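In the two complexes that follow, chain A is the common piece, with chain B as its partner first and chain C second.
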Partner chain A sequence: MMLRVAIRNVMRHRLRTLFTVLALSMAIALLADMRMLAHGMEKTFYRVLSSVGYEVRVCPRGTLPFATDAVIDESGRVVDALHADARVDRTLRVLGTTLHVDSIPVFAMGVDGERQSLYAVIAGKDLPDRVGPDRAVELLLNENAMRDLHVAIGDTLTLQRDAPGATLAFSRGLRTVVTGTIHIAFDLPGQRTAILPLEAVQQMRQAGDAASFVLVKLRSDEGHLVPLDEQRSVAASLADTFPDLSVYAMDSLMEALQRQLAYFKQFALILSTISLLVTFLLVAVVLTIGVGERRGEIAALRSMGFRRRSIQAMILSESALLLAMSAVLGSVLGWFLAGYLDGILTQSPSLPSGYRFFIPAWREIATAVAMSGVAGILAALLPAIQAARVDIPRTLHEEVV
Partner chain B sequence: MTSSDILIRAEGVGKTYRMGSERVDAVQDVDLSIARGEFVSLMGPSGCGKTTLLNLFGCIDVPTTGRLHVFGEDVTGMTERRRAELRLNRIGFVFQRFYLLPMLTAFENVELPMIESKTPHRERDARARALLERVGLAHRLRHRPHQLSGGEMQRVAIARALSNQPDLIIADEPTGELDRKTGASILKLIKELQSGGLTVVMATHDPHAAELGDRVVQMEGARA
Partner chain C sequence: MHALLVLLIGISVSGHSGAPAPIVLESRLGQEMHIAAGDTVQLRLPGSSGEQTPFVVSGFYSPPPDPSGISRTSRQTWTPITALEDFSGRDDRVSRFVLSLTPGANADSLVQALNATQLGFRAYRARDVARESSQTFVVISNFHRAISVLSILTGSAFLAAIVLLQVQELRRSLGVLRVIGISRRRIYTVVVGETVLLANAGAAAGVGLAVLVSRAVNAYYRNYFDTTLVFSSIAGWHVVLAFAIASLVGVVLGSLATTYLYKSEINEVLGR
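Take a look at the complex of A and B:
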């Protein structure tokens, strides 16, 4: 019955309730979205890392893959040492650089390794294991490059290290033949990417035996990624073997990402706190006004013998009702707002196309609703206590006067 | 009159309030006994302490001086919880301004105290219907207070006061907001309650209303 009374009380001022529910819904939606922010980046980054299919990355000391132009100078020696470890199944050396077709830049990755899973060939055929001495170098392009360079499988392309007219332009071009179309999970939107044999890119860069990093696949049943504990253990022992290099298991890369996302998280934390404060204050204000307006009724109920606990339950039920209505609306709003904001942010040209900022998730929405619920109930405590402790004789006297 | 016949016994009862730094003696040195089944009218001008004395008799408030026994229990040292129990189960209140909950129907308003006292659903349903029928509102069960006249609202309030089958009815200016004719019908109803065996203590400043009581206690200057 107290719930019925609470429902009727909430519906007594419909316009006030409507505005309160709308405001609370927005606060809940904002809180849910702030919880989703950055979690989306973490989740998609892990998904992309996993899809590449290598557990360990060996990089120049203090760098992350492609974070700088630094290279591992004697990468062949590193790969030989890696293969000496029985836990290593296969490796892939990667050297990244920017090459040009006429004046159009193409991000080129030289690769050297067998059964690679860095990219997926979606048409044509993969690179051969070895480069023939008299043959044109074979080349794979992503769809952006195919489109922008107006080429198809079987066409030839000449790659230059420098754009035409650049100072100290490298005059000799590399004649290549396009053998396939590829997809790479971490390509940026609109990025033109080419895959060539490592040796060809090393020659273009005049970089000897250099590699930007080495990807390592550990031995496992059916080629699955090995568990994180094992990854960490192998990475630690490889780090001992290569003290002048940095060795990362997947979780250490995730930690590096989390450090980079610290600003996002701080931003999300501040907005989440504001959202909870808004919920708290809104519920406190609305219920305090409601209790103030109904002091006479509350005093009459108390004079009739209603226990303090019953009065408190009535006020807390009103808060719970407001929050329940707002939770439904806020969840839907948060879900769609997350999708909309994600659409805006993922259009950033510096973000790989597979990455997301917000991933709509019921768990985050449920957490936001639970947190808002706690804030709302805490906010209702003071008006509930005030209502229960109303001075009966004085209030009834004031109401009559 | 034996002690078991006494429902309320006040000995030198006083109630003092503080209003800022000022001390207000609302009730002073009241000696009064009210017997079971008696109808006592408290008469006097506004501000003479009638409502304060009713609040004391109804266990809403506690005296600051003297001794007050209601149903044989000493109210002076009684806990708030125990006083609330007495108010819920043994005392019915009728207010000048009715204090019906505006968002509940007449039926629900009558039902409310029985829910608080945990009366079984079937019993409270039957009792609420019977009480509203008794006060002549069988046809107004589903009406909300704003759909009722002043007299009808006071009848609902009387039915509500009776819902937990009290022994004592405390009525504070029950006709204060009603016209003479409607007020007379309400007073008649209250008189009928006494005929049914209830004890009634009513505060009023209307001499005609007061005359309905078996005894009229005149109050003046906080004294009875």
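Take a look at the complex of A and C:
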């Protein structure tokens, strides 16, 4: 009964309801999007880290993978020690550097390790385990490099340590043959990436047995990532073994990256709070003025025998109705808005391709709707109590006179 | 143990002898590691298991605030380039040259001439480097702009709902004004004036809140990132824009509300 009255009340002022629903929808959409922003970056990071397929990363102390030029000097010794641990399944040593083909720079990664999952070979074949003494070094390129260097599988390329110049006219390059095309999850847009045997890159850099970092896959059933607790425990014991290096489990690496995400997370928190505040204020203002406007009507209902609880239920139902209508519109708006805002932020040049800030998720939208619902119902409590406490004889007298 | 990565930057000076090389540390590093001028510090390349190299701290400096290095966790130091070469084992190599031109020199033609030498480097004007390195901030700025537009739309819808409520509340009074012959223009002026006033009061409160939030944001992020960068600033034109948008929204909504009021029958307006 009171729900029907509430529906009639809400529909009586259609234009007012329309604007209220519009404002509430946008607040709900913003809240949903800010939740997506807060969790989308973490999800993307986790997805990229998971796709690489290694649980533990061993880096020079105080650094993150590829964050600096720092290297682990005796990486072979580190790998030997890692393989002595029964929990370690396999490792991959990676040494990153910039090499040149003529004047075109290519980001080259030297790798050494069996059954790697750092990159996916999408055409051709993977690198051999060993570099043959008389053969040209085999090379894998991503699609950007293939396109920019105008090469195909089977072609040969000469890589130089530095860009060509008069002082380097007599330096010897590294003759390579392209054997495959690869895809790497964390490539930057337009980045030209090459994969070579570690030994070849070490020779080019004259870097001895150096590696930028070592990836570690832990032993697990069916090759899945092991649980975080186990990752942490292995990382802690490896950190004890290598006090001069930083050892990261997946969650500790995420934590180390949090600082770079702090701005967006806090921005999302501030905007979420503002959205909830707008919802609270709007519902409170609209219902308070509405109750003031309908005091006579409410007094009449009370005089006809409607109980205080029924009047309160009517006001709360009005709030719920407004929020329900806004939730539908806000959910759709939030979904599309997330795509639009993501499109703006992913234009950043220093972002790996496939990186997402906003990942549209019904769960976040449902949470935003629930949070807004709670804010709206709380905001409706005061006008509902006010309405239930209307002084019947006085109000009716005032209304008639 | 401090897990800080020290980023060494070589500077070209002459007169380097066999004694420990001088090093200038970033002030923060000195504070964090309780190092004073004249102390000897032992440095080793990250990840290296080789011997440490002694450097004598000759002073401290604070790097200028740089947004692109905001999330940098490493600390900077300066040392003569020859000492850095010895330390890193890399001879006669530099990351970049920075040129200071004579007053009136044509930078564009110099950049062209340098790039034409084909010596294996690329020359850029300082402003081009600044533009390239600020691309990320341009993107963030666009994101903020999109959020601002959404906030304005939400605020406008909020205001529209309030104005309609206000007009509903004033319906009888305005109806009486209509009955006693007050002109449409005057009623329009009253409603629009009240709406504009309400919108501007909201803008004033919003600007006040923005000033407080801006101060809080700067205080928080300066402390969080340990920098003197300005994260949020409210310029005069922001305030003017806020009031201009509020006035515009007020006029549009006030006009709509008056039209809505005049579309209703006078008896209906008077509640008869």
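Please note the rule applied: the second predicted complex is superposed on the first by the 392 of 401 C-alpha atoms of A that agree within 3 Å, B and C clash if a C-alpha of one lies under 4 Å from a C-alpha of the other, contacts with A are read in each partner's own complex, and residues count from 1 in each chain.
What we mean here is this: a contact is a pair of C-beta atoms (placed from the backbone, for glycine too) under 8 Å apart; a residue touches a chain by one contact, two chains touch by 3 or more.
These numbers were taken from a predicted model, which means no experiment stands behind them.
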item: Side-by-side fit of chain B and chain C on chain A, or clash; value: fit
item: First, second, both or neither for A:72, with chain B first and chain C second; value: second
item: Chain B versus chain C as contact partner of A:86, first or second or both or neither; value: neither
item: First (chain B), second (chain C), both or neither touched by A:26; value: second
item: Chain A residues touched - chain C or chain B, whichever exceeds; value: C
item: Partner chain(s) touched by A:16 [first = chain B, second = chain C, both, neither]; value: second
item: Distance of closest approach, chain C and chain B, by C-alpha atoms in Å; value: 9
item: Shared chain A surface residues [contacts with chain B and with chain C]; value: none
item: Residues on chain A engaged by chain B in the complex (per definition of touch); value: 1-2, 4-5, 8-9, 11-12, 296-297, 300-308, 310, 392-393, 396-397, 399-400
item: Interface residues, chain A side, partner chain C - complex; value: 13, 15-16, 19-20, 22-23, 26-27, 30, 59-63, 68, 70-74, 103, 162-168, 210, 244-246, 259-260, 262-263, 270-271, 278, 281-282, 285-286, 289-290, 292-293, 337, 340-341, 344-345, 347-350
item: Chain A contact footprint on chain C (complex, rising order); value: 3-5, 7, 45-50, 71, 73-74, 118-121, 135-136, 139-140, 142-143, 146-147, 150, 153-154, 157-158, 160-162, 164-166, 168-169, 213, 221, 224, 260
item: Chain A partner contacts - residues on chain B that touch it in the complex; value: 51-52, 55, 58, 60-61, 80-81, 84-89, 91, 93, 95-97, 99, 101-104, 108, 111-113, 115-117, 160, 164
